[in-house]
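A, B and C are the chain letters, set down in written order, and residue numbers restart from 1 in every chain.
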Amino acid sequence: MTDETVSQHKFLGIPGNVWTLGMLAIGAILTTIDFVLAFFYTPLVVGAQVAETRIINGIAVSNQLLFSQKIFYFHVPVAIGSFLVFFFTAYYGVRFLMTKEKKFDTRAKIATEVTLLFVVLTLITGDIWTRFEWGVWWVWEPRLTTYFIMTLLVIAYFVLRASIEDEERRATYAAVFGIIAFLDAPISFAITRLIPSSVHPVVLRSGGGLTGSQLVAFLLGLFGMLMVAWVVYQVRLREELAKERIEALKASLEG
Amino acid sequence: MRQFKAILKKDIVMELRTKEMLTSMGLYAVLVLVVYQIALSQAGASFDVLRIAAGLLWLAIIFTSLLGLNRSLVHEKDQGCLDALLLAPIDRPVIFFAKAIGNLIFLSVVEVIVLPLFYFFFLAGKTIGGPIWMIPLPMIIGSIGIAGVGTLLATMSVNTNGKDLILPVLFIPIMFPLLYASVAATTAVLIGDPGYATVYWNSLALGAGYDAIMLLAAYGLYEFIIGA
Amino acid sequence: MTDTSTTEFALEVRDLSRTFGARKALDGVSFDLPKGAFLSIFGPNGAGKTTMLKVLSTLTSPSKGTAKVMGLDVVADAVLLREQIGFISHNPLLYPDLTAEENLQFFADLYCIPDPEARIDELLTSVELEHRRLDAVRTFSRGMTQRLSIARALLARPDVIFLDEPYSGLDPHAMDILDNLVAQVRDQHTFVMISHDLAKGLELCSHALILAKGKVVLFEEKEAIDTEAFSATYRATVGMGVS
């Protein structure tokens, strides 16, 4: 039985435990710096533009210079993070299907949990952003819709897992669904973007080039987020491995 | 090939004999139309139902297929027949194709009934913007996607504790892009606003793209779930 | 492994394991079964008997170790192997809405049997269901369904026949018919049977295997078995309960 505790892994000579704590600290610091920079130092950006002047909530909107755009520095890293972590759901799913080893299923499950956390944050921050920009609490525009669908996909993953008792079948089905769901997310985004909706505004974000200080803030946020994601993943992984050791001990006691 | 035909033939013969699936699917679709009537009854005289007609139509198709997909796989599970199929010297993908095409055929039959009925109930007297021949194409592309991915998902859901209830939970988020594209294409034809042809062909292409990617994935992944 | 052994043995199992995480359904099972033998597998619930049968009939694959049936590996030669396997279980594995004839035709197509009509006639006669060939299986009694199930299993003239508790739920008359049918084809096939009926299993077998918690407790040829000692071991094992 392999005894995989995180602390026993050494990476560059430093035990896993220390890495985890270190990452958490750095990740937290980076994210905080990101916030501070975002709200106090980076210049305001020309905000979102709409394809043509629209009346939203009784106000004509065409172009906005927005303070609320600052939330971009939190929202986009979280969004990118959620998608990256979701990739690991699919990746571990594939590895499980190829080897049928339980450890890959465990990792896929945890990756999906982290994805859920991040995608819900994305949805919330995206919604807040929309509220500040358009004055309404929800718009079915491509990004928000895709995040919502992604949330549903991740929830479906867990509903599926919860409804199967046989361990191996659960792992297999989850892996397959995880892969299909991961394929579906970008397709959703592409399709909602490429097919114009006659009702909903196609929101074009002029985020083409980020100037120096904006870029710094953004990248800090991105790396900070990814580190936090990694930490959450490791913490959960340790928890799961401990649970497995207990199960194994129980089984051997009965034998 | 002989095996593929055998499975397909068996499913069709069984269905024709019991008429279970087709009757319930057909009846269900009609009932959905009745509910639409209730929903639209207070909408007002100036309400242009043509604008949401495509959406209503596809909604009916989705819910009907959820019903049909489940039933087509319950048969196999019942008497342990799925094991019999797995014990046979047959390539797993052949089972997938046979089941998926069977589902496609049943779905098409229901669509052929529902489409004219829908027109009769809600669109009679209205002018359709685009040419009539454009209407079946999104139906075909959409149905192919529904049948293919739906067969994969239904095979999974039938083997869970939740059975029928799990399928919509899995199905709708995964089908979302295809549904979106299909409704867009169908609406473009029905209303025929200027520039509708671009939207139409655009949406069709995207729907076809979805079908290609997802069907390939379903085909590759099917053998993993059918043995589990 | 020398070449001669692959043609001599119906089953060659080497260190077969099927595990998932910490749970072990099969744990290091090894034995050989010569061709033409009749193996009875006994053991408590959860011992791994059904898993063993599933691995041998290619329904699932092993996590470790190897198994060969008629010289064919259950993983590498799975599709080829399936042509040579017949499976009879307490589930009939038949479609209730199709007639007896249609059921057999379907499976004949699946197994790509040449000249299916003749074979179907032959089998329907030998299981005494000729007169009901055009009736839906839904209308059959349990015994008749089981007979048709046997016909289905024998369609492709398999070399090895697996039986998963075939007698469960059968009345004595149906049991007799099953016995007769097995006796008829006894020398043309190798049999592997799971049974909870100690007496029946011992009566029919040429080799006996007791499994418990995924491990082999006992594997012997019938001549070597002392009935009383065997019964004692069996009862002791069954008393061990689930793994």
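The working rule: contacts are C-beta pairs under 8 Å (C-beta built on N, C-alpha and C of every residue); 3 or more make two chains touch, one makes a residue touch a chain.
Note that the structure is predicted; figures quoted are calculated from it, not measured.
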Most distant chain from subunit A, judged by the mean position of its C-alpha atoms: C
By mean Cα position, the chain sitting nearest the middle: B
Centre-of-Cα separation between subunit C and subunit A, whole angstrom: 50
Subunit A-subunit B separation of Cα centroids, rounded to whole Å: 31
Subunit B and subunit C: spacing of chain centres that average the CA atoms, whole Å: 40
Contacts with two or more other chains, residues of subunit A listed in rising order: 168
Residue numbers on subunit A that touch subunit C, as the complex places them: 1, 100, 102, 167-168, 171, 244, 247-248, 251, 254-255
Interfacial residue positions of subunit C with respect to subunit A in the complex: 20-23, 63, 213, 243
Residue numbers on subunit C that touch subunit B, as the complex places them: 57-60, 79-80, 82-83, 85, 87, 89, 91-98, 102, 106-107, 109-112, 152
Residue numbers on subunit A that touch subunit B, as the complex places them: 97, 149, 152-153, 155-156, 159-160, 163-165, 168-169, 172-173, 175-177, 179-181, 183-184, 187-188, 190-192, 194-196
Complex interface listing, subunit B residues touching subunit A: 149, 152-153, 156, 159-162, 166, 169-170, 172-174, 176-177, 180-181, 184, 199, 202-203, 206, 209-210, 213-214, 217-218, 221, 224-225, 228
